[in-house]
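Here it is: the structure, laid out below.
Chain IDs A, B, C and D follow the sequence of writing; residue 1 opens each chain.
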Amino acid sequence: MILVTRPGILPEEMDEIRERAEALDIRTHVSDLGDRRVIGCVGDEDQIRRLGRTRFAGVEEMRRVDTRWKLASRRFEEERTQVRLGFHDVGGPGLAVIAGPCSLEGREMIHETARAVHAAGAIALRAGVFKPRTSPYGFQGLGQEGLEMLAELRAETGLPIVTEVTDPRQVDAVAECVDVLQIGTRNMYNYDLLKEVGRVQKPVLLKRGFAATIAEFILAAEYVLAQGNPQVILCERGIRTFETMTRNTLDVSAVPVLKRETHLPVIIDPSHAAGDRALVPALALAGVAAGADGLLVEVHPEPDRAFTDGAQSLNFVAFAEMMVSIRAVAEAVGREMLIGGSSLEDS
Amino acid sequence: MILVTRPGILPEEMDEIRERAEALDIRTHVSDLGDRRVIGCVGDEDQIRRLGRTRFAGVEEMRRVDTRWKLASRRFEEERTQVRLGFHDVGGPGLAVIAGPCSLEGREMIHETARAVHAAGAIALRAGVFKPRTSPYGFQGLGQEGLEMLAELRAETGLPIVTEVTDPRQVDAVAECVDVLQIGTRNMYNYDLLKEVGRVQKPVLLKRGFAATIAEFILAAEYVLAQGNPQVILCERGIRTFETMTRNTLDVSAVPVLKRETHLPVIIDPSHAAGDRALVPALALAGVAAGADGLLVEVHPEPDRAFTDGAQSLNFVAFAEMMVSIRAVAEAVGREMLIGGSSLEDS
Amino acid sequence: MILVTRPGILPEEMDEIRERAEALDIRTHVSDLGDRRVIGCVGDEDQIRRLGRTRFAGVEEMRRVDTRWKLASRRFEEERTQVRLGFHDVGGPGLAVIAGPCSLEGREMIHETARAVHAAGAIALRAGVFKPRTSPYGFQGLGQEGLEMLAELRAETGLPIVTEVTDPRQVDAVAECVDVLQIGTRNMYNYDLLKEVGRVQKPVLLKRGFAATIAEFILAAEYVLAQGNPQVILCERGIRTFETMTRNTLDVSAVPVLKRETHLPVIIDPSHAAGDRALVPALALAGVAAGADGLLVEVHPEPDRAFTDGAQSLNFVAFAEMMVSIRAVAEAVGREMLIGGSSLEDS
Amino acid sequence: MILVTRPGILPEEMDEIRERAEALDIRTHVSDLGDRRVIGCVGDEDQIRRLGRTRFAGVEEMRRVDTRWKLASRRFEEERTQVRLGFHDVGGPGLAVIAGPCSLEGREMIHETARAVHAAGAIALRAGVFKPRTSPYGFQGLGQEGLEMLAELRAETGLPIVTEVTDPRQVDAVAECVDVLQIGTRNMYNYDLLKEVGRVQKPVLLKRGFAATIAEFILAAEYVLAQGNPQVILCERGIRTFETMTRNTLDVSAVPVLKRETHLPVIIDPSHAAGDRALVPALALAGVAAGADGLLVEVHPEPDRAFTDGAQSLNFVAFAEMMVSIRAVAEAVGREMLIGGSSLEDS
């Protein structure tokens, strides 16, 4: 349920609402709507109905939001959410590119990659240190050691860093070392993990489960939002279909649907969708043309030697070339590329 | 198998090859490769092997093409096929937009729509008169009567017309009245129909089956090509997945894959993919950015009153607006919009 | 719409209804319900409504059937349809097994197979002569020549024969030579072909499209029924999913769903579902346990030499062994195996 | 890699192998093969190769297992694994039925259900207390309080209890209170959780992810086995497809495939597959006929009032009736029903 206040509601009137809600075990989320305030109420449905029968002095309107999602819905928050990443906002007028290797493989390679993707225009680095792998015998990432390398790189360069968490017990340690916590496609339904990243105040990059409906995807974001963390970036990365000539099928329609249904930034990952580096530029351009707020791209110094996902990684030259085309399409749909902004600038 | 001749092969040497092939019941397809010729040989595998053991004076090289498709393959024909539509070539440097209603509903509405889509930049009109419908009780199209309206419209305006055939027995009559024979998504596996449209010399717009792999789609085109009709346009129109917020999932990756695997023009149909007119522009732009050679778009004077597929049809204003954005994205990826070219120009 | 008459309606009262319906271009289908009659009315929705406003002397009740299917629905016809095949009824209390090769390959092999499957308990022979193949270069069946072999076999042995039709122009010729017209999975959406088999009075074995929903499957049957041919057997044969360890995924749930929604017999094809002969018996038993009225099984004298689908064909011994297990499970769910009944008996 | 020893290998020879393996950070799993022993070696591929170059006195044969899974494979362990549940073995000649409500809702309802399902022949009770729900606003289970109710019920009745864990931090507490740890469909890819249940010595009931291939499913089991816990029961529970008339599509083919590829017990969950109680008996019978070792069935005292999954739950009478049919089909495929064995017997 949403309460819309009258203009200039008094602090004590706000308190009254909050107290009543708390007594009913209902969480409230307040956002400003010009001089009015919108109070989202989340909790047990019966209690919500009870709250709805209360008369509050400062409330002008009560609206039931009967979409399945509330906090993520544009009915709750009309203004688009922008998630701060270093010097830039993801979800605003600019287009944000995040790039880097699937797995962090060593200190030198990650510094080299950071410099290269930044030079080509990426505003943040992605690199995995906890790798969920289909086989227990596959490379599982450098773990704690890798995390320290990321922390060091970030301290040196100021480049924002995105890395995946896979276990609720990792969340605090990872949140200390990096800028964005990524939830991977295999963990989109891992609600205990979602709640945990909802409790820290760090941006969350949430990937769509490869077999998740868009509705389930939004509800996974809702798990994070409902814990009080509003900084969620949605990432479409391809879904599982019968087609075998691509690793996954990029669901480019998800971009306009997610932008219509939610106020959250939406980016696409053309690399995992394609599973084949030759297709990555076409999918990246398609995503930008469809209205995505950014891209998450796999880049590796020597893709053919990558520990994981080499087939879909671009090398530095291919990435830089692709960025030229992306800029052109971004401008054709009325967006500027976000660019630069770390201390690497001068290095 | 492919035979590559030496430069300046003599006519009698060509005849010798043809005769030997005919004796083995093998069809040949000749294309020019500069001063050499490439002869594609299609037929029973055992006979092909037998032909491969023959020594021909004018042949420099024999290559087995072990891709599953032959005539559609870029190994057989490196130059991209361009299909002539009125004054324009689909599959060349220009971007082609074909638009019109799902079903022809009457004389007035089709003339009105033809004028509107042409004015906005479409180079051909689409309109169905034989409608394959999931329910036997749905509107099945105006049939023969509608076909006559299309013939009349074409005679008057010169605007190229695309319409669907669903039965081998319709093919000749339809081929006389329109410019392009469309094979719909439900008939992609209807091989008897594919053979029949392969026998006439009219362009064929072949839609991907909504559950067809890309490989099966190319093999369906191969059925048409193998009958001697090289004018095939491939159309991606969305595939069936678990997602329910869109009618189908546009497989935008199919565009670069089809362009890599075949020499045929590739267009997309954003309307059937989306099933929702609000999503059509985003998908159209995504298709163009991904490298499609054109679009097939549903446009109706009053979408909410359409007999079929109203929810996904654009009205004239929305279509014209979308065309402006399409032009911008087309130019960003280095393509010009094809435009105009019928006698409607002056009307 | 369904009209239920009063008991003992007079012939002239029936005529009145029929004439009024005809005048409105509505088809009627009459079935007996004890001493009452049920008249199903199929046609344009507006005309149906007009008919519904007429008062008829002999009609006690008018019911709108608002399921998407009418003639196939158990609301229209409560009694289960039984389709006669030789001496047996498919869809009654007995369990019917139809077996034979994917493709007819020659006179000797088909006679040998007919004897073997009949001896093991099959009540009819399946054999394809018009083969829809994914590649135009695959074996396309023996065509007319094969059809004659089937006619000859049938005349000699009296064994009912099932074969596939793929083109509306084949229907009359095939209907003369065999007992059951099969519509294959690729042609389930080929409505012109469905209408054509609806016009002849021969049983139709309709396979589910490998990507068809159950609703679309029933509506395809409705196309046949609406033409006046009530003898339709539904066949579940596996659907296309992301799983790759089987060729298709047998949708065993379709059996109870189809039996609940329609009055038509339902059989399963474990061979195409599995694509692997080792899995065929398990799927066959699963189908019988789930309530199927019969099975359609691929059997070949030498599966490893089969022209088509050898990997999923059973040899004679494996088929005979499987039939023993099938009988046991059939009895456990309260059904007798149908058996024998051709002049092969004494050979 | 697998080492096969000579008959009567000495204890010190075994120690030598173990020590060398440990030095290389390789885990070993020993199983008896008559008088020989089979030693499975799991670890880093390079180290495995190094171990393979060592000459051991007691080893007769070294075999690389190049299937993707090792410990789960029938090549590693030919004998079928049986998992002890109370007085019975799941995966042996008997058929095991586990039943109970989706969610534990209160003390009385769970005791009542335990008595009812046991009386009808179930050998264990299922009941969820930690519920992963698509919406954060859905009922999330009774948690710790529910766990205590389960512990109490188990102490009183001796009936084995299955419950789901969703977070690695719950595993120890849950393992103390119940007999089987269930990993739900949403957590099949949650590898940190799989490792955690691999560390405790309690049977694990692993559900297939609703969009997981069979290969991924087996590899998820491999995660548990690789931690040293061999007691894994695989559960097919329906996969996500385009079909909408059932909640999921039961992949009954998975049963014979899993029994061929692995030595682990395989059961099916007809309730989640169907999503509709009317279909549950048909799917249960299909699973048994296809060779499943058991069933997991949702039963509730008053399905229409269930907090979760009521539509697919059977009431006590329907469950007892279904058990009669299951016994008949089980016997037709040569299996006895496991039955009884708790102190509820005499109550």
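We take it that a residue touches a chain if its C-beta (ideal position, glycine included) is under 8 Å from a C-beta of that chain, and two chains touch if they have at least 3 such contacts.
Being a predicted model, the structure only gives us computed values, none of them experimental.
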| item | value |
| --- | --- |
| Selected pair, greater C-beta contact count between C-D and B-C | C-D |
| Greatest separation from chain D - chain, by CA centre | B |
| Whole-Å separation of chain centres (CA-atom averages), chain C against chain D | 39 |
| Geometric centre distance via CA averages, chain C-chain B, whole Å | 35 |
| Residues of chain D engaged with two or more neighbouring chains | 211, 240-242, 244 |
| Complex contacts: residues of chain D adjacent to chain B | 211, 240-242, 244 |
| List of chain D residues in touch with chain A within their complex | 42-43, 45, 68-70, 132-137, 166-169, 186-187, 189-192, 209-211, 216, 219, 222-223, 226, 240 |
| Residue numbers on chain B that touch chain A, as the complex places them | 211, 213-215, 239, 241-246, 249-257, 260, 273-274, 278-279, 282-283, 285-291, 325, 328-329, 331-333 |
